[in-house]
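Each of the two complexes below includes subunit A, the first together with subunit B, the second together with subunit C.
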Partner chain A sequence: MLRTETYTMNFGPQHPATHGVFQVVLTLDGEKIVKAEPVCGYLHRGIEKLAESRTYQQVIPYTDRMDYLASMLQNWGYVMAVEKLMGLEVPERAEYLRVISGELSRLASHVLATGVYALDVGGFTGFLLCFRERERMMDLLEELTGSRMTFSYARFGGVADDAPEGWLEKLDKLMDDMPGYIDEYDGLITGNEIFQARTKQVGGLSPETAIDYSLSGPVLRGSGINYDLRKAKPYSIYDRFDFEVPVGKNGDCFDRYFCRVREMRQSVRIIKQAIEQIKEIDGPIKGKVPKALKPPKGDAYAEIESSKGILGFYVVSDGTNKPHRVHVRRPSFINLGYLDEMSRGWLIADLVAILGSIDIVLGEVDC
Partner chain B sequence: MEKKISEIISELKEKFPQIKTSEETISVSTEDLLGLMQELKNSFGFNYLTNLTAADYPADAKGKGDGNEDEDDGEMEIVYNLTSVYEKLYLTVKARVSRKNPEIPSVFPVWGGANWQEREVYDLFGIVFTDHPNLKRILLTDNFEGYPLRKDYQWVGGRK
Partner chain C sequence: MLENLFTNIAGLLRNLLDSAGVPPLWNDVTLLVVKLVAILVFILINALWLVLMERKVAGYMQARIGPNRVGPWGLLQTTCDIGKLISKEIPIPKSADKILFLLAPALVFVPPLMIFAAIPFGKDMVALDLNIGLFYVFALASLTTIIFWMGGWGSNNKYSLLGSMRVVAQMVSYELPMILSVLGVIMLVGSMNLTEIIAAQQNMWFIVTQPIAFLIFFIAAVAECNRTPFDLVEGESEIINGPYTEYGGMGFAMFFLAEYASIMIISAMATTIFLGGWLAPFGLTFIPSWLWFFLKMYVLIFVVMWFRWTFPRIRVDQLMGFGWKILVPLSLANVFVTGIGMYIYRAIGW
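Showing the complex of A and B:
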């Protein structure tokens, strides 16, 4: 057999398929990956350090800027940790608004992930198609919060504002249309022969490894582990909704992608039920919370299921109005940690498919 | 479920008499850490390291050591959030190291997920995880000076 020298090649940080400023230093044998060393930190802004010199309320906008594709869920995770620390109650209507806005944010994130993944493996039509629906979601989120991406909608003990008049009806209409749209993705992307050839049996991940490496979200569930925090330890009011947790079989790129598509259908189901139930509930959207927030000394860790996986916030209070320490367990960061082992032995083209299937956001990886 | 956790904690107390426990939290010394973690994984099914982080607790409130060698400089706390994916159990383990000599065994042999999380803590706090296979900076550049998440780190700029 012909022996070749290995050589190194930089993949990124200005490569469109890295989804942001992210570099992988590849050691290659021909086109085969021997080693893939991820280099992150290009977008590190020190949010955890900044949080220590801000008041508790001032930290909320920073969380928007981590996973900016699902900001609602980031806001939610942070306020939940502080609420746990202070033992705050959240009014029922606010919980519903959080679930509705959070699931809408998850949908927007998954729609983007689906479209971008199609683009990664060479299908431009799928990409544009997904942006058609994303625009409708963004319009709705803008109407609710005044912003298209950085929402800062959650507040301690509630949410910023109630849904505007007629908003829930518009959302209901979109949810009626969504299953048809998702069918289109299935037809155009999921069922596409080239797409399947690029993603099936590529980048396999065994369930044992997925658990061992703390992977979460569709990456974990794609390997057949049924672990979704909304079901495993239902926070907020998730125990009131009827939905399923989609899992994959083979743990390959296709399964991870397909988990996301099926999760979209479940999010639509949850939002439909929430809209139906919130009609019956009238009341405040914010609990009684003091303006100058000084949580008692101590620490709290709260976690929610974000669109990328388990999003945890660890908050330490020293009794003042500024947090002593805020740590974010970022699913994108930890999921990316296994990229090296996962891409060994595959071709450069497969690396694009593998990286896309993990669905990372660099704002969250680098924090 | 709560009962299960309390059962686990009392069983652990028999094996590791030095540990201090409260509801769902175990405080352990750095010597006992690795043994306790292995026990938690192998005998009690805590197969998932959800979160690993640290927090700085300097002795001086402002976080400025006065450079006196003998003076107590305070401690740093490493926090592990563990999950049993199949049993749906949750447990927190805490261990403290001195700020003067921040060294703790790596839990990478127990959970692969510790790999990047320990590197992040090393990067931002300067805590050394012994026997970690690849302990180097991850978010900051290799030639960065200092450990930004320590309380005595001086940074330029920002609002007052």
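Showing the complex of A and C:
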């Protein structure tokens, strides 16, 4: 007597398409997914706990290791929370440098996400084309910070260093080239018939569910909700720039992906404006900050729009030079929460597309 | 001189054996063996070179250089790679079906070799001139399915099993449009002999008279050799490496080279059936016929590589839908239209 039954398959942790050491325990019916149970923690280093036994400054490098693809933004989020706690003022030039470096980091992260997404659905050339531009960004960031991935650029009350001579001009040149490069991605990846067949109508996410699951970033905006912290609650100096928040319509994989591509264009716009404005601002890049950092007793929560979504840092101080507790709202981790329901009923190939469209970084998921 | 280079070599060998007093039967057998060995060596070396070509093509398409360290222009890179892979152990999974697992990579080169034996490389350059050549070629091309299935099943791995299920489904559904598309050509020629098919293209290549058939044939053929956008069988971002997941060392290398051998086959078949085989276009006969054949073949191989580095991968259900809902009806329509065309041509008495 013939009968069929479901079976379990370990998708990861050693799998080329899980973007790191991430495991999904799949229950499959043929190739169809009945249940997808995400298992994370393979990269857990206990950063939140480690922060409790380090001084405030020493925590900054740890934040780099969370979302290592956009670590500039991670530094920024943490530094902002501590500044809020201490009531520190940040000089204007430092704010501009933070915006420029932060947006460049976001750009680098989105370029990688775009390329990796092309790789996930099987197109290898898109992946390497994206790396070509990312390399230029990385070179610029290296020139600014001395490091290619773990920048630790932000400091309490400012940034580590001013931009080197000629750096802003080089950045301006890259920003001039960038729209052309993004057009290339649109031609090779976005416009491809097979790519669209693979991503459109796949892994749908309704706006209500997106809010219920507290999803954020391009995943939320792909479902048609216009919520970008840079616009909704402008922090730093984002109210000075003219940019739009790209929103999707159907909440499928393609919309999530395309949101990122359009966000790159907006980032380019912001950087262009910031370069224009920073030229008129001369001044310190670091405010007056006491050598021994001892924030007053209390707590503070600061959130910024990272490349993956809303990144929040909650810092509790007990009056000593070490934080009592640091908690991070990691967008990658929270965005993963809906993976199971999102991928049920789709095929294995779609799971790869769905996972790629969420754009997770395992360093951030596992923290 | 160059034109008849290989036929002269064969003739020389025959004369040599004749003068040595070898009986005619043994003479023929020896000659056939020599031809087959030559083809085997050719396939293996060509597959090696194609791996390099693929990496170079990919490199230039992706704004990089590709291998350039081993030998001039990286020419020895793949040779060294294979050398390394030969020296590696072939790990056999504990729960694998040992016989099937080891037999699959050993057999994987048999169909390409047998197909190449029947393909005319140039003027009078065909090892086996069969009168059912086309039928023979298609029959053997589908044999690869079983070998992939053996490897996937024998590995006893879920990824391999999924991959080999995909192989069977894909090959069965794309065999049909492939054969149906060639039916139009067979109707025009009235023969399945590959030499006669080439001869029939003396005035006009079949790509001109049967353009849709060529498109269907080429798409289905790309799917047959599991290349992007139809590389679901490997689909490394989904099922890691499909049937080859558990293979290491030379076992893996055999499958890897077999992929290139099958690209060569489909390109050679498309050249023979649609691009006039070894016939020189525009009367450029000063270039030897076998060189023409290889030129055309390599252009098609390049197109296949171009596909690979441009397209993403199609999904399983889309693949099936495309095969059964678009290619099969289209190829049937092509047969129908060809029939009507032939009838009209005959009616006007051309």
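In this text, the second predicted complex is superposed on the first by the 364 of 367 C-alpha atoms of A that agree within 3 Å, B and C clash if a C-alpha of one lies under 4 Å from a C-alpha of the other, contacts with A are read in each partner's own complex, and residues count from 1 in each chain.
Keep in mind that, in the parts below, contacts are C-beta pairs under 8 Å (C-beta built on N, C-alpha and C of every residue); 3 or more make two chains touch, one makes a residue touch a chain.
Here the structure is a predicted model, which means the values were calculated and not measured.
Of the two partner chains placed by superposition, only subunit B is touched by A:I211; subunit C is not. Once the two complexes are overlaid on the shared chain, A:I334 sits against subunit B while remaining clear of subunit C.
Once the two complexes are overlaid on the shared chain, A:P16 sits against subunit C while remaining clear of subunit B.
Residue contacts after overlaying the shared chain place A:E92 against neither subunit B nor subunit C. The contact surfaces that subunit B and subunit C form on subunit A in the two complexes do not overlap at any residue.
Residue ranges on subunit B touching subunit A, taken from their complex, read 47-51, 53, 55-56, 79, 81, 85, 88, 90, 92, 111-117, 120, 124, 138-141, 148-149, 153, 155, 158-159. Of all the residues in subunit A, the ones that touch subunit C in their complex are 7, 9, 15-17, 31, 118-126, 128-129, 132, 188-189, 192, 194-195, 197-198, 347-350, 352.
For subunit A in complex with subunit B, the touching residues are 40-41, 44, 46, 48-50, 53, 209, 211-215, 225, 227, 232-233, 299, 301, 303, 310, 312, 314, 316, 324-325, 327, 329, 333-334, 336-338, 366-367. Remark: subunit C residues 58, 61-64, 158-159, 162, 228-229, 231-232, 235-240, 308-318 touch subunit A in the complex.
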